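Multiple structures are listed underneath, in structure tokens.
Next come two complexes, and both contain chain A; in the first it sits with chain B, in the second with chain C.
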Partner chain A sequence: MRVLRDRAETIAADNERTAALVKQATKSGEPALRVWTPHQHVAFGRRDARTEGYDRARRYAERHGYPAIEREVGGRAVAFTGSTIAVVHAMPDADRTAIQSRYERASDRLRDALTSLGVDAREGEPDRSFCPGTHSLQAGGKLAGLAQRVHQSVALTSAVVLVRDHDAVAEVLGPVYDELGVPFDPDTVGSVARAGGPTDPERVCDALVDAFSA
Partner chain B sequence: MSFDIPEDCRYLASHEWAREEDGTVRIGISDFAQDELGDVVFVELPDEGEELDREDDFGVIESIKAVSDIYAPLAGTVTATNDVLLDDPELVNDDPYGEGWMIELDPEESLDHLLSPDEYADQIE
Partner chain C sequence: MAFEFELPDVGEGVAEGELVEWHVAVGDHVAEDEVLADVETDKSIVDLPSPVTGTIAELHAEVGDVVPVGDVVVTIDTDAEVNGDADETTVDAETEREGEDAGGEDSGETPASGGRVFAPPHVRRLARELGVDVTSVAGSGPGGRVTEQDVRAAASTGGSDDDDVASAVSKVDESDSPESVASTASDDTEPKAAVSKVSDDGDATEPESAVSNVSDDSKRSAVRKASDTGEQRPAAADREKTLAVPATRKLAEEEGVEMDAVPTEKTQDGHAFVEPEDIRTYAEAQQATQQQEATAVSETATAGEATTEAVTGEAAVADGEVTREPYSGIRRSIGQHMEESVYTAPHATHHDTAVIDELVATRAELKPRAQQRGVSLTYLPFVMKAVVAALKEFPVLNTTLDEDNEEVVYRHFYNIGVATATEAGLMVPVVDAVDGKSLVEIAAETADLTERARERDLAREEMQGGTFSITNFGAIGGEYATPIINYPETAILGLGSIEQRPVVSDGEVVAAHTLPLSLSIDHRVIDGAEAAGFVNTVIEYLENPTLLLLE
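Here is the complex of A and B:
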């Protein structure tokens, strides 16, 4: 499996790097994994972009130092602080209808990584969490969420893992979710550090690469 | 679990259906596909007039589980889109072969290359 760890110079270049990795995985048939800490930004979902308050939400995020982008995978807005980890696992020739089994595998790997860091995470999330979904991990708040994008020839499983900065994430997402009209309780934001794990994103990245490569 | 597979449709292996109706071809996703995706929350469709080749992705469907591309079962020009889905995407779950249809094409080819209902049933068994 090809593994990529570094961050590109800009948010746009970073997105291009992921797209190139996925394209290469599709072409070669070799699975690929990217684990990194993206630049600070807020990634909005497609549904967010259709809400009445979307422009206001974008402006709020950008005024507070979080450039706004729209992301390809599903779900609602997610904030990356610079220490937040993104995971993209590209599986070529994947069965388009194996959504649940891919979630289960990815969730197990995430939990394995967190366990190796001393964090006892369990499935699920508190009510009114950010990017609410059915495949999240929590430990003193939501600290990781999973999503999938399914193409004809490749399936992408993506994860967001909050290492620290849970207060900063709550601070920016509170007003953003208000503008989007999506219920959100800032107290539900967790992190690896808040759950007693390390504060160094590199340590968490190492554990994630090990778990997803196993 | 059994899924509805209407006899008057033909199917693409990626779970889209196509049905000839008065010279046009109506397209959507199958009952199996909507069940696999779960509750659909967002649908993005192409513009009328867009020309599609066979198996081009023509739209995106987002459910509570995943975002998935939707593929054209045959080549043709988009003549209509079901814009009701923009506000009521759950129609894809409720009535995938009826009110949950997605686009209509002026076809450039027949449906002969697509799976028959029996062949599609074998695929999803």
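Here is the complex of A and C:
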């Protein structure tokens, strides 16, 4: 499996790097993994983009130092602070309908990684969490979420893992979710550090790469 | 063939998905596997690839709709029908098989549901009595309808006896695959079954084989029959009472058919009982007769007079025939929209004329300057400006009627739809916020939208959100018309052609450039006086274009 760890100069270049990785995986038939800490930004979901308050939400995020992008995978807005980890796992020729089993496998791997870091996370999330979904992990708040993008010839499973930045994420997403009209309680945001794990994103990235490569 | 694409099982345990984006619009041609839409479910966005190659006829869901798995999301007219004789045969064979499987004495009527054989029930009964497979008879009646005489002729030509029919039927029964049914039928020494499948659209296979089956005698008798038009009217029943389920009655109403006149052999509780199939058979026979009569009339009238469109449509079509084209896709969408508008909003149309010599001069002066900015300046942006000015004065023309809440909804923004004729049909792209834009901006945006409409390159959103529409039929020619409101808007302005016409000025008849205006209103919401006032204001602005500077 190809693994990519670094981050490109700009947000746009960074997105291109993911796109190239996915393209390469599709072409070669070899799965690919990217685990990294993207630049600070807010990634909005496609449904966010249709809400009335979307423009205001974008403007709020951008005024507060979070350039807004629209992401490909499902789900609602997610904030990356610079220490927040993103995982993209591209599986070519995947069974399109195996959405649940992909979620379950990814969720198991996230838990494996967190366990190796001394964090005992369980599936689920508090009510009114950011980017609500059925395959999140929580330990004193939501610290990881999963989403997917299923193309005809490749399936992407994507994860966000908060390392130590729960306060910053809660702060920017509060008003953003207000504008989007999506219920959100800032107290529900957790992180690896908040759950007693390490505060160094590199260590968490290492654990994630190990778990997803296993 | 219209293919109804149902939302597939996107993921195990997933019952529904939210449509997040359409990648296609009505009229687009799509290849198999091309992505039609993105659907989001459980935080997974999934591509929806097209299972067939064809043209998008209808989108059944809008962005934001939550669609249950199994619901139809899009109708695609597949390309297969273009050269799809195999498909047609398959369908018929299937229909036939189902009919035979169902058994029962009505089974002989089943093929009619495939729409391929037109034969009134009494002819079908006769066919059963004589042991003739009615689907194998080449109809000589109007529109290929099978008559009693055709059946008798078929019965008398040695080829068709009970055994043959029985053997054809048994082959059909035994076969599991419709394709093999078709091939069995056409390979068989008894070719009538194969022929039957062609009957209505003779180009599907070889019509000669149909003829070759029938003796010369019967051909002659068929010809004689055809000329004997008096007998060709569909036999109509005349009952006092007819039983039918509501859906059948609705169909009869739609087809414009008198329920008590529909022939049927079926009874229920001692009363005649009519089913949808009977309605269709009768309606088709009626239409065929009417068209034949229309043709006959027009042929006896002055040569060169317009006959029915179907008849004049193609040189290759022989006299006295009709051709049929599917009412589907964009044509049907437009049709349904028109129907909804006319039958919902009582239309009234107000006509007047603007004398626009000054506007002609102004436009001539501005045109080269606009050209320098790469914009071709037509009269339309001036009219749009004038319309917005008049809408501000008569806001009731910028409304929609919310029937559910019994409220008239005033829109305090001015998004003007511009009806555009395209090869695929009528499209109405919308220029948003016209009030905040300059003439050049409006001109550029309108040109871009109409151009892309012709290239079918418009996003769905670009045709939505209009508050008032303009239709420029004068671009093709003509003075006045009755525009149909772009429902649920409540008014539409039609523009005639700008030409020099005689007008009276200071008691003298002089030539002046005039623009004929036709305003249709939804008379539920708008009064005639308001319509007239609105048009007067539009005219005032068009006749004094400097007033537009204030807008």
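In this text, the second predicted complex is superposed on the first by the 214 of 214 C-alpha atoms of A that agree within 3 Å, B and C clash if a C-alpha of one lies under 4 Å from a C-alpha of the other, contacts with A are read in each partner's own complex, and residues count from 1 in each chain.
In the analysis below, contacts are C-beta pairs under 8 Å (C-beta built on N, C-alpha and C of every residue); 3 or more make two chains touch, one makes a residue touch a chain.
No experiment lies behind these values; they were computed from the predicted model shown.
Asker: After lining both complexes up on chain A, report clash or fit for chain B versus chain C.
Answerer: Result for chain B and chain C: clash.
Asker: State whether A:His151 touches chain B only (first), chain C only (second), both chains, or neither.
Answerer: In the superposition, A:His151 contacts both chain B and chain C.
Asker: Where does A:Cys131 make contact in the superposed view: on chain B (first), on chain C (second), on both, or on neither?
Answerer: second
Asker: Kindly list the residues of chain A that each of chain B and chain C touches, one partner per complex.
Answerer: 46-47, 50, 72-74, 96-97, 99-100, 103, 133-135, 147-152
Asker: Along chain B, where are the residues that touch chain A in the complex?
Answerer: Touch residues, chain B against chain A: 14-15, 32-33, 36-37, 41-42, 44, 55, 57, 60, 62-69, 71, 86, 124.
Asker: Spell out the residues on chain A that touch chain B in their complex, using ranges where they run on.
Answerer: Within the complex, chain A touches chain B at residues 45-47, 50, 72-74, 96-97, 99-100, 103, 133-135, 147-152.
Asker: Going by the contact rule set out above, which residues of chain C touch chain A in the complex?
Answerer: Chain C residues touching chain A: 9-14, 18, 20-21, 33, 35, 38, 40-47, 49, 63-64.
Asker: Give every residue of chain A touching chain C within the complex, in rising order.
Answerer: Those residues of chain A that touch chain C are 46-47, 50, 72-75, 96-101, 103, 131, 133-135, 145-152.
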